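One chain, subunit A, links the two complexes that follow: it is found with subunit B in the first and with subunit C in the second.
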Partner chain A sequence: MGAGHAHRLYRPAASPVHRLSPQSKLVATVLFVFVVVSTPREAVWAFGLYAVLLAGVAAVARIPAPLVLRRMLVEVPFVLFAVLMPFLSQGERVDVLGLSLSVNGLWAAWNVLAKATLGVVCSILLAATTDLRALLVGLERLHMPQIMVQIMTFMVRYGDVIGDEMDRMRIARESRGFQGRDVRALPVVARSAGALFIRSYERGERVHLAMLSRGYTGTIPLRGEATTAAQWRTALALPAAALLTCITAWVLR
Partner chain B sequence: MSFHTTGHGAQVGTTDRSEDGMTITDGTPERLDAGRTPDVPPSLQLEGVAYAYPDGHQALFGVDLQVGRGERVALLGPNGAGKTTLVLHLNGILAGGAGSVHVGGLPVVKDNLQEVRRRVGIVFQDPDDQLFMPTVRDDVAFGPANLGIRGAELDARVDRALAAVRLGDLADRPPYHLSFGQRRRAAVATVLAMEPEVIVLDEPSSNLDPASRRELAQILLSLDVTILMVTHDLPYALELCPRSVILSDGVIAADGPTKEILSDPDLLAANRLELPFGFDPRVLG
Partner chain C sequence: MHVPDGFIDPPVSIAAGVVAVAGLGVCLRGARRELDERTAPLAGLVAAFVFAVQMLNFPVAAGTSGHLLGGALAAILVGPYTGALCVAVVLIVQGLFFADGGLTALGVNVTDMSIVGVVVGYVVFRLVVAVLPKTRFGVVAASAVGAFVAVPAAALMFVVFYAVGGTSDVPVGTVLTAMIGVHLLIGVGEAVITAMTVGSVLAVRPDLVRGARHLQKRLELRTPAAPVGAAHHGSTAQEA
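On to the complex of A and B.
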């Protein structure tokens, strides 16, 4: 389940990056991604510099490179899409190893690949240095609407519970000789999904009841700490350095 | 109200013999009256509580029940007797039928709901329903935070509640990583942190292994609060609650010392209650 994976994304350590408040890291990540996306694609050196910045963060946070590389696999679908671009785009063409490729398409592919990769690595670093609860606290302190923070809180809490329930249902199905090999098995799986939905809905009602019984009035108070000015300065150093790079890239263009 | 250890813990594993002896002589169902003064309102007072669900199904037909402060009472009854419906009346989740409910003298009406829910802590059967926050500590803090408690006072309450259920060292774990017995105890802590007058437990021993069941009993006996325990586990009722009430078809069918009720095979049979094989309460002192 998603939440289960997310628990495992966190990599506990005592680095300065881990110690930064979650809200400052969230803001830094979002700003960094925006700056990267706004950089002109022809400024190849700028993307190299961004990569160096992220490598620096990873080094300070003591996140080993193999771990980051492994997690970058989530990007694979985008890579496939990017690979198609040079073949499908129109316009001026060049020959590379006997293949006729579109120059425009090559630039577009580079653009998607470079920006997506930097964004993915930045999120990987955020997830590896901030646990889920801290992220929720950060979002709440950044004034994300309560209802969304609450929905995410429940997702974090019940993802594994529902995943386990799904697993038990599968085991019970298979224990009675069910084999989901082909399309004919779909109605059975669909009915299981329906049963799971109803169970989860009923659980939702029971959770709500239990919350009301403890005086729930519409807010879930998560307790976090305010970010100090020094923390903001440290966290925002990354997007600030990126912004300088980006501006330089636009000026030199 | 607080939940300091009272020394009852020493009696765990046996029934409360001295109290049982006392009741047989004076015959009253209310025993734990040490330190109770006549002007202290009962923790729970129900008068003629009747309720029908919106679909027309009538679950309660006029329930009268009084539970004194500090008492431990078992609410027994077969499935469908209306036990859960009754429990949901105690903190005003369900209302609108006939009759009245008072908690520590305070009527359960809309204007009092927040205070009523502080005074009545319900521990639901499935701890996964009760524990919904990312960590145990957050969950225990949820109730008192809803009461407006913040800062050091909130931390102190959370620590006290977790210490009372012996989970202090697991405070920062996600509930998902706790054993079932630990989760049930964490659920008890979530209501303890509200410093309630009454704790209502719905099937507290269900799905617990024998060791967790005993640990929970020790904890419940060490709490200085009124306890109403909904259960099918008759030996557990005998161990923890000097007094029992049988709810059957939406009315109170019996009310008396647990040992006497469990020693009456005809009464039990009439209410679809059964002792486990080989268990005879008359043998116990």
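On to the complex of A and C.
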């Protein structure tokens, strides 16, 4: 726990996007994604415009494109699933390169790909411009129940600790010649999971005692600062522009 | 099975969000009963455990590997309310910070995997525990059955959401067959590893397995039976 406490997802910089309060960025992100999801799928240009908006945010926040692209790998399973849709859907069919594809399926695949990709990029930008702990403070400022925020805080705070513990167990296994190749490895992996649970739970008990000895009574004082009206205006400009696009798309349909 | 944005239409996503929020409210109250004032640190650490264990890959067959979902496991180890809460927290953190699972689909994901997965897994676990003999083996076997059923149950809930608000017209029957088929396979892996994990915790710290509380013997106070013999001895001494 010695070195920097900033999470590896966070990319510190002094841009206007970084300076916005976490709660305003959270609200803007959720609203933007909902607007994107509500857009008719036939309005291809609207999705292009959303992508331009997000690229603009990334440029202002000085987040390099390769970083965003690398983190987008998380959605690969759905790309594979979307590829299947044109084959499985019903209705009118077209021939593309000798394959018989459903028109509706192609639209559905486009729909999921476009919306999921924009959603993923939006989450990536949020995490890259806002420290995880600041986001938790933002959630609390947005009146998420305090106990929930506390649980999430502990999860985020100790997630890496538990992950490292698991990694040390893996190194210990491998240094004793263990190779998880087939089903026979399962009992070993399961015993590791069991040991990990016991260690996590006992760590939780120790953390609780440590907190009690520092005067914990079940609540943690509200942190962070209130968002100014100017910050709200800046943050909400993104979903507002998106909403305008979405309404135009519905009108032109 | 993290559903992305754009897969389920907005009205159904919002309805699922309402269901998820209501379910989490119930879980929060239940978790306070299960963990009392230790709720925040313990649930947080168990959530961190679930998060870590989901990254633990195990080999399945032919070079493919699966990972644990951990809902049934968490419910058996720490109780259903805390278990569901921890899985939900993991899903929220994954969606919000790690871009894994769409933000608009968060309600769908929480309802499927945290609420339905944990409730079904835990109810099945309790039913099987009640039927089997009250031994460690009974708890381990019940864990396997609970975890096996929980995975396709969560998949089934997703199909229900898809049937009501899916954005593609892939026939519901096809989605149902594919989802249940795949998740029955995943369920087998989940069952094996859940049962073995519960078994290994039972062997070391049986007091930490909430689902095996009925196996714990209550401590009883035993007093030595000596005074009775002493009185008898006294009377014989008098006779002599």
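Operating definition for what follows: the second predicted complex is superposed on the first by the 243 of 253 C-alpha atoms of A that agree within 3 Å, B and C clash if a C-alpha of one lies under 4 Å from a C-alpha of the other, contacts with A are read in each partner's own complex, and residues count from 1 in each chain.
Everything that follows uses one rule, which is that a residue touches a chain if its C-beta (ideal position, glycine included) is under 8 Å from a C-beta of that chain, and two chains touch if they have at least 3 such contacts.
Since the structure is predicted, the reported quantities are computational estimates derived from the model, not experimental observations.
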When the two structures are laid over each other on subunit A, do subunit B and subunit C clash or fit?
fit
Return first, second, both or neither, reflecting whether A:177 touches subunit B, subunit C, both chains, or no partner chain.
neither
Between subunit B (first) and subunit C (second), which does A:207 come into contact with in this model arrangement: first, second, both, or neither?
both
Quick check on the superposed pair: does A:132 touch subunit B, subunit C, both, or neither? Answer first, second, both or neither.
both
A:66 contacts which: subunit B (first), subunit C (second), both, neither?
neither
Now for A:75: first (subunit B), second (subunit C), both, or neither, which partner does it touch?
second
Counting only touches as set out at the top, which of subunit B and subunit C does A:222 meet: first, second, both, neither?
first
In this superposition, which partner touches a larger number of subunit A residues, subunit B or subunit C?
C
Partner chain(s) touched by A:154 [first = subunit B, second = subunit C, both, neither]
both
For A:12, is the partner it touches subunit B (first), subunit C (second), both, or none of the two (neither)?
neither
After the superposition on chain A, what angle is formed at the C-alpha centre of subunit A by the C-alpha centres of subunit B and subunit C, rounded to the nearest 10 degrees?
70
Rounded to whole Å, the nearest C-alpha atoms of subunit B and subunit C in the superposition sit apart by 7
Common interface residues of subunit A - those touching subunit B in one complex and subunit C in the other
132, 153-154, 156-158, 161, 203, 207, 211
Within the complex, subunit A is touched by subunit C residues 4-7, 9-10, 13, 24, 28, 32, 37-49, 51-53, 55-61, 68, 73, 77-78, 85-86, 89-90, 92-93, 95-100, 102-104, 167-171, 174, 192-193, 195-201, 204-205, 208
Show me the residue ranges of subunit A that touch subunit B in the complex, using the header's touch definition.
7, 132-133, 136, 153-154, 156-158, 160-161, 203, 206-207, 209-217, 220-223
Would you mind writing out the residues of subunit B in touch with subunit A in their complex?
88, 91, 93, 114, 117-118, 120-122, 124, 126, 128-135, 138, 141-143, 145-147, 154, 174-176, 190-191, 194
Using the touch rule from the top, collect the residues of subunit A that touch subunit C in their complex.
9, 26, 29-30, 33-34, 36-38, 41, 71-72, 74-75, 78, 85, 88-91, 104-105, 108-109, 111-116, 118-120, 122-124, 126-127, 132, 135, 145, 147-148, 150-159, 161-163, 165-166, 180-183, 185-187, 189-198, 200-201, 203-205, 207-208, 211, 218
